[in-house]
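Next up: the structures, one after another.
What follows is chain A paired twice: with chain B in the first complex and chain C in the second.
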Partner chain A sequence: MKLYLNFLSMHLRCALEYKASFLLTILGQFLISFASFLGVYYMFARFNNVEGFSYSEVLLCFSVVLMSYSVAECFAYGFKTFTATISNGEFDRIMIRPCSELFLVFASKVEFSCLGRLLQAIVILIYAISNSPIIWTKDKILIFIFMIAGGIALFMGLYIIYASFCFFTIEGLEFMNIFTDGGREFGKYPMAIYGKSVLGFFTFIIPLACIQYYPLLYLLDRPVTPLAPYTPIYTFLFLIPCYVFWKIGVTNYKSTGS
Partner chain B sequence: MKKYHSFFRLYIVNSLQYRAAAFAGIVTQFSWGFLQILMYTAFYKSNPSAFPMGLSQLSSYFWLQQAFMALFMTWFLDKDILDSISSGGVAYELCRPLDLYNMWYVKSMANRFSKAILRCLPILFAAFLLPEPYALTFPPDALLALSFGISFIAGFLIVVAFSMLIYVITFFTLSPIGIRIVALSLMEFLSGGIIPLPFLPDKIRLIVELLPFASMQNMPYRIYSGNITGMQAVYGIQLQLFWLLTLVMLGKFLMNKALKQTVIQGG
Partner chain C sequence: MIKMHNINKTFRVARRNAGMREAIKSLFQKQYDVIHALNDISFTIDEGEMVGYIGPNGAGKSSTIKIMSGILTPDSGECIINGLIPWKNRIEYVREIGVVFGQRSQLWWDLPVADSFRLLKDIYQISEKKYRENVETLSSLLNIETIIKTPARQLSLGQRMRCEIAASLIHSPKILFLDEPTIGLDAVSKIAVRNFIQDINRQYHTTVILTTHDMQDIEALTKRILLIGKGRILLDGELETLKKEYSQNKRITIDYQRGSFMPCQGLAIETHHPGRIIVSVNTDVLSVSSAISHLSVHAEVTDIAIQGATAEEIIISLYEEHHI
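Right, the complex of A and B next:
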């Protein structure tokens, strides 16, 4: 833990070295996700509601997903750019260090500019909460925090899988984007609007709906199964197969040389 | 002409190397398109009367968008070209007996084309086989199909002309990341990449449709799906040609200006 804090302060000082460029990239990230927000805004200007979810309810869902995605991307950036680490032989250097590989890759990069998205998510969240009729009791706040934490775990797990694939293919595989970037884009809306089979897939295989649709229903006092508020915990279990897959990847690793 | 032709071939042969990556890309884009259609279907169900275009029109729009993404994506820039500007490699390019603007134009075209050619056919084929409101359908009549063809080519040329403009601006700023991100995200929205332009409120839509961005993917896809027909389509194509001419002339003008001032810094 102390080691990670050391890494973190190093990355932060690194990023702050070029202040102007740092701020511009944050602004840029903010604007990119702003365009995505505009998309939601204009859709609701026309339609009022989708499958029984109103504008502020969807925004709540949007902000949870965007927030967990941006935090995960910021800290798991080493996994996102793992293709480069493998193909330039950097991973060989990581393997000879007396520390777990997973930790070192995790600590190798932190991309603070992703926080532009986080900023956007916070703004949306404040707007959504002030416009929604939810009465925030203690257990609802707790569940809300678990939704975000679960989301972070989920997206990090996906990035670990993405990186583990690189052990076998060297090139990053684009189809993981449908879960990472796609999870962010399509997770704006509660997964139930895509129909039963998509919802099922995003519940049991990639538990994206567990951090937005089910707990959201609970927050909104809709009728739900008693399990619904606990679904975010399931995403932490999702990390186990990710870790196993990573381990298999490491044992199969063949250096690319150079 | 022959020189440009060989550039074209080089890129395409190169891109055929990564077949597994292309296959993964196809699967991704197909699922992406499918989820997008499901999302709009949900909106359609909640209020069909507010829907500005037919559901099957919209499906065609999205399938074309996914299939030809590489041709029309505004945020895609050729890394080689950007590197050569900031590293000074452009000096070598200037030694060649070719017009720099034309050469880069062909290069960008070839690069996009080579990315699209592997992907578009399987996606289009699979999209034709889907059940009714989700499927890609043929354009209503031959005349529309013809105007789609013209509009499609014009739109593609406009996208490339626009990316040329960004390269040229890089000559002046050298570190373009900030401006580029802002410009690109705005462009994606205005070109109908995030939500199709008919979904915008009417007042905003009327202005946005006049901008060059609406002449990119918006025009050909809406002609194909039958959302824009008759005289409107003719008028749209005229607008596209106008923007194409303007952007190319502007790009050439700025390029000449930039090259006069360019200082190659050793290396």
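Right, the complex of A and C next:
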């Protein structure tokens, strides 16, 4: 943990070497995600609810997903750009360090500009909470925190899978973006609006619905199964297969010529 | 110390012809070629030895280094270094080794070199006292005391390489792998790096394995060389013995004022300009002294230089001999 903080301070110092660029990319990220917020806004300017979810409820869902996505992207950036790490031989260097290679890849990059999105997510969250009728009890707050934490774990897991694929092939990995970037975009709305089969996929295969739809129903006092408030915890289990897949990938590592 | 026994490694390489059509075809049906990168590689290296590992590009040098440093897993064979199997006990093993990849940097581009050192201290869990000591000795030996306060991006290649080497030795490893450490350096930096490697080897008894294309490195640093070509070890021996074996040809350069030269047996003229002649002497047939006396009979000689085969020439004749 101390080592990670050390890495973090190195990254921060690097980013601050170029202050103007640092601030501009944060601003840029903020504006990009603002466009996606506008999508939701105009949608609700025409219809006042989507499958029974009101504007503020959808925004709550949106902010949870956006927040966990941006935190995950910020810190798991090393996995997102792992193709480059492999092709420029950086991974060789990681392998000769006496630390877990998963940890070192994780610590190898931090993209602070993603915090621009986080900022956006916080603004939307504040707006959504102040406009929603939810009465915040202690366990609801706890569940809400778990929704975000579970979301971070989920997106990080997806990035780890994405990176693990790089050990086998470097081509055609774009399809993974359906789950990462796509997950962020789908995740704006509660998963149920896409129909049963999509909901099933995002419950059991990639448990995205577990951090928004099910616990959200609980927060909104809708009728739910007793398991619903605990579903965010399930996403942490998702990290286990990700880790196994990563390990298989590492033993398959072929390195590049130099 | 280092024991490699029958190491094999193959790679599958996708092949396709150029062109869009072929590219689309390869989406559905990929053709692979199997390349035997390493074939039955075996050797042992003792503690404190300095070994030059040479061979042309693509011969398998890097693959061997990568296997020895725990990056790659071989298909078959045994490798025990320091009593450990590199790819199985990776984390434990890599504490004891340092690796310099001459073409890749391990320093943080935007930050002072000292910051990179600090991070390495935490990665290798070096105690504060040991760290101070090591940084002090390394930076005085490599003459980088002032440089390490500058961001790596502002260093010259020679300065950066010295910092790279220091960074690889900060945890006082027992084995040092150097993959082309003098590539692109000017003469002064090269000599500084070589001297330093020698010092380290002498003082700390560090085992050094060096791959390079610069034969002066080999000549200056190593006694023993391993020659690899097409994935096989072709030769394992002392550089001195090789030199003797390959230097029955001596080259004599003669500057003269007037006169002429007679050819004779065991003596071949390589180049001849007015005022200077270069001949090569086969010492099996003709001794150097009789060659000189023969040459100076009809000419007024002003200067003579005699040269044995350089390491470079030896390597070239080795490559030729082994068809690699």
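Just a few scattered comments:
Throughout what follows, the second predicted complex is superposed on the first by the 256 of 258 C-alpha atoms of A that agree within 3 Å, B and C clash if a C-alpha of one lies under 4 Å from a C-alpha of the other, contacts with A are read in each partner's own complex, and residues count from 1 in each chain.
The working rule: a contact is a pair of C-beta atoms (placed from the backbone, for glycine too) under 8 Å apart; a residue touches a chain by one contact, two chains touch by 3 or more.
What you see is a predicted model, and the numbers here were worked out from it, not measured in a lab.
Of the two partner chains, chain B is the only one touched by A:Leu31; chain C is not. In the superposition on chain A, A:Gly39 contacts chain B only, with no contact to chain C.
Of the two partner chains placed by superposition, only chain B is touched by A:Glu174; chain C is not. In the overlay built on the shared chain, the residue A:Tyr253 is in contact with chain C alone; chain B does not reach it. Number of chain A residues touched is higher for B, counting chain B against chain C.
In the superposition on chain A, A:Ile193 makes contact with chain B only, not with chain C.
Under the contact criterion defined above, no residue of chain A touches both chain B in one complex and chain C in the other.
The touching residues of chain A, counted against chain C in their complex, run 2-3, 6-7, 10, 13-14, 17, 88-90, 92-93, 95-100, 251, 253-255, 257-258. Per the touch definition, chain B reaches chain A in the complex via residues 18, 20-21, 24-25, 27-28, 31-32, 35-36, 38-39, 42-43, 45-47, 50, 52, 175, 177-178, 181-182, 185-186, 188-189, 194-195, 199-201. The part of chain C that touches chain A in the complex is made up of residues 11, 58, 62, 66, 69-73, 90-92, 94-95, 97, 99, 101, 103-104, 106, 108-111, 115, 118-119, 122-124, 151, 179. Those residues of chain A whose C-beta lies close enough to touch chain B in the complex are 21, 24-25, 27-29, 31-32, 34-36, 38-39, 42-43, 45-52, 169, 171, 173-175, 177-178, 182, 186, 189, 193-195, 198.
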